[in-house]
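Here come two complexes built around subunit A, the first alongside subunit B, the second alongside subunit C.
Showing the complex of A and B:
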């Protein structure tokens, strides 16, 4: 019983990281129908920016370091959109896909050349003591950093939900998803809204990178594997849907963690990708996705 | 100073030329209709004016300023609103959100409240359906929402692309009554219509386009009497030779 609960916390932690990445895939796809395959590498970049801030500005408390890393990664995301993607907004889909993959390879090598190819651990900045309350009531050994990562991730997702549903910028983002061409006629600068979407998606990915670096370790190529997993999670949930990205992420992480715990770690990816295939056979648009309607 | 001056405007979609150098002038306070058959270039002219599509040649002056260097969203801030063909409402946004977004450029709270008052005064049904998704509205309500959004931009010039399209005669009347009232309150209207009958009823002046060229212009009352307009757009056959007896 106690180990099942521990495994569920492990799954929640991994799911939270997946969700922080998957949200960026889903938001960008939702508003401009672009799958940003470099997004996993933005996640990696966020982790490394967190590493550099922690090592060079060690006096910065975690709760300031993280927003700063998120801000810097957001700027990187905006710059990438401005330099590489904006001019391709009306280009063929294949050119865009190739460009996003190219940006990803660029980021991986940029970090490899400047920081180095080694696997690193982000200096622990969150308390690692066990949560006594959980130990006493449920008998589960869960550390504070794990619980905080889960709670902070959920808080970020709640903030995102509020921004998208309750602010005018969020309304503009949903309007772009609905009918991009009409948005400028409302006096709204379309480029600004798209840039804001990249900024938010990148900032969330950076939070995911830092959490991942706290919980596990980071290396310049981690964005490939994690990025694909988060992309799968977004597709399972229904790409374009915010709630779907979160749901798909926790679902995928749950399946992965439980497979490793109770079956075999060798089966982890096989089961994850098998789940993707099965779910898409049943729900081609993802669990929360809307079927593509033909425009009249 | 004219509110809007279109000079020798040409527009092309790829190799197909849609407008061949047309000239239009709109004075402040007017309702001007742009008439013509399908494909005459009416919508193209509107889209070029609001910078949705690039110009091939000529120029457009809004408030004596060329619109060429101005991005479309900036034109809205300068007081030009465009109610697009097919209404272009945001189906997954509520009526209230559709209106709130259109007020993006309005920073003054007093004017914003006045805009809401204007919209809900003209279209009380929009206030009733404020929480409803735009996509669930009927065609007539969607058209009201589209016009309401334009009002929310606090516009000086409103471009309207086929506001009567797909509406029942009763709803067309309602929409045109609202347009008349909007104009009475001081907003200038440039109205693209296939329903020449209704358009000429409320307009002060009109232009007739044919195959991307201006073929007629003049006061609305005179256009309504012009045999060519009558035959082509008002469904009145020109008298043929009287039958021999």
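Showing the complex of A and C:
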């Protein structure tokens, strides 16, 4: 019993990281119908910015370091959109997708050449003591950092929900997602809204990168693996849907953690991708995605 | 469909180019093997040309799906893996006794059988992937093909008879430079004839407007499945050649990083253009080698920085030439007769 609960916490932690990445995929796709394959590498970049800040500005407390890293990563995300994607907004879609692949490879190699190819761990800045209350009531061994990562991620998602549903920027984002051609006629600055989407997505991914570095470890190529997984999670949930991205992330993490715990770690990827294909055959546009209409 | 009006010169020129490549390849192989003129004909150049040949097969076959059919398939390395493992199994476990045959005949026979097996196995998998992707288009097709790539790699990792995650060792070296060039020329010739036949025109019509094509009587599922099967078979051929050239393969070398590399060369060269596939592979491979040699000669401490330059080149090409170097255009010797 206790191990099941522990596994659930593991799944929640992994799912929270997936969700923070998947949200960026889903938001960008929702707004400009672009699969940003460099997003996984933005997540990696966020983790490494967190690493550099903790090692070089060691006096900075975690709760200041994280917003700073998120801000810097957001700037990087906006800069990438400005330099590489904006000019291709009206081009055929494949050129943009290939450009995102190129940006991803560029970021991986940049970090590898400047920081080094080694696998590193972010210096632990969150308490690692077990949560006594959970141990006493449920008999589960769960450390504080795990619980904090899950709670902070959920808090970020709640903030995102508020931004999207309650603020003017969020309203504009939803409007752009609905109809990109009409919204600029209403006096909305399209470039600003798209930049804001990239900024928010990148900041969330950076938070994910820092959490991942605290919980596991980071290396320059982690963005490929984690990025694809988060992308799958976004697709399972229905790409373009915020709630779907979160739901898909926790679902995928649950399946993965349970596969590793009770079957075999070798089967992890096969089962994750098999699930993806099965789900897409049943729900071709994801669990919460809008079905695509074909116009004749 | 009636026969197209033909003008002989274009067809003649195409076969002349093919013949010329083969006529150059044979003495190149023989002279290098004999060790004559080591300064000009060294094995390193032969190795580069071999890699270029295998990559042309991969990129040109992916062009069927991503260029002519207009889909976005992301699983080409998976088909390559199937071909590589099928050929490796045949060469190392089923046909090891071929050494008893006379040398040239034995090599030709082993290569022929293993490559046929590789193409057949990959075609079968491509057919199945084609079946599953019927319901999906666009981004979702991309994801499903990528998923299949991952599942194939993961399945191989879990099969002990294929070496599992450690890789498949002890494959005899049957692939020679000459064999690769022959296969490359055959592939380009077959694909050229295919895309200029009614098959290829059906694929292009689906890309341009699937609904209109369906109204004209095109069976979309069947045409898509044919494209997947054929493209997978050629990816399997490249895999079979690769396995018997490297003599050692691991599942990890066929994951999405390999797929991305194939995509980069494809889009660099240009969509729906066999000339583009050839040019893209040659340009990318030579550029990478040139950068490596230049950097290690003049600035060895920056030798690794070429890894940064290649994605930058890709980005710049996409920003300045959206359709790649040769998108939708062909060299005159590859053009369909009607248009030349």
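What we mean here is this: the second predicted complex is superposed on the first by the 293 of 296 C-alpha atoms of A that agree within 3 Å, B and C clash if a C-alpha of one lies under 4 Å from a C-alpha of the other, contacts with A are read in each partner's own complex, and residues count from 1 in each chain.
In this section, contacts are C-beta pairs under 8 Å (C-beta built on N, C-alpha and C of every residue); 3 or more make two chains touch, one makes a residue touch a chain.
In this text the structure is predicted, and so the values were computed from the model without any measurement.
*Asks:* Put the two structures on top of each other at subunit A: do subunit B and subunit C fit, or clash?
*Replies:* Pair status: fit.
*Asks:* More residues of subunit A in touch with subunit C or with subunit B?
*Replies:* Here the partner covering more residues of subunit A is C.
*Asks:* Could you work out the angle between subunit B and subunit C as seen from subunit A, using CA centres and rounding to the nearest 10 degrees?
*Replies:* The three centres form an angle at subunit A of 90 degrees.
*Asks:* After lining up the shared chain so the two structures overlap, which partner does A:98 touch, if you call subunit B first and subunit C second: first, second, both or neither?
*Replies:* second
*Asks:* Tell me the contact category for A:113 with respect to subunit B and subunit C: first, second, both or neither.
*Replies:* Touch partner of A:113: subunit C, not subunit B.
*Asks:* Have a look at where A:64 lands relative to subunit B and subunit C in the superposition and call it first, second, both or neither.
*Replies:* neither
*Asks:* Should A:269 be classified as contacting the first partner (subunit B), the second (subunit C), both, or neither?
*Replies:* The answer is second: A:269 touches subunit C but not subunit B.
*Asks:* Which partner does A:162 reach: the first (subunit B), the second (subunit C), both, or neither?
*Replies:* neither
*Asks:* May I ask you to decide whether A:177 touches subunit B, subunit C, both, or neither, giving the answer as first, second, both or neither?
*Replies:* Once the two structures are laid over each other on A, A:177 reaches subunit B alone.
*Asks:* If you stack the two complexes on chain A, which partner ends up touching A:190: first (subunit B), second (subunit C), both, or neither?
*Replies:* First partner only, subunit B.
*Asks:* Return first, second, both or neither, reflecting whether A:4 touches subunit B, subunit C, both chains, or no partner chain.
*Replies:* After superposing on A, A:4 lies clear of both subunit B and subunit C.
*Asks:* Superposed on chain A, how close does subunit B come to subunit C by Cα atoms? Whole Å, please.
*Replies:* When the complexes share the chain A frame, the smallest subunit B-subunit C C-alpha distance is 18 Å.
*Asks:* Which positions of subunit B touch subunit A when the two form their complex?
*Replies:* Touching subunit A: residues 50, 52, 71-73, 76-77, 81-82, 84, 88-93, 97, 100-102, 104-105, 149, 153 of subunit B.
*Asks:* What part of subunit A is in contact with subunit B in the complex they form?
*Replies:* 168, 171-172, 174-175, 177-179, 181-182, 184-190
*Asks:* Give every residue of subunit A touching subunit C within the complex, in rising order.
*Replies:* Its residues touching subunit C are 35, 84, 87-88, 91-92, 94-99, 101-106, 109-110, 112-113, 224, 228, 231-232, 235, 239, 264, 266-267, 269-270, 273-274, 276-277, 280-281, 284-285, 294, 296.
*Asks:* Note which residues of subunit C are touching subunit A in the complex, please.
*Replies:* 66, 72, 132, 135-136, 139-140, 142-144, 146-148, 150-151, 153-155, 157-158, 165, 211, 256-257, 260, 263-264, 267, 271, 304-305, 307-308, 310-312, 314-315, 318-319, 322-323
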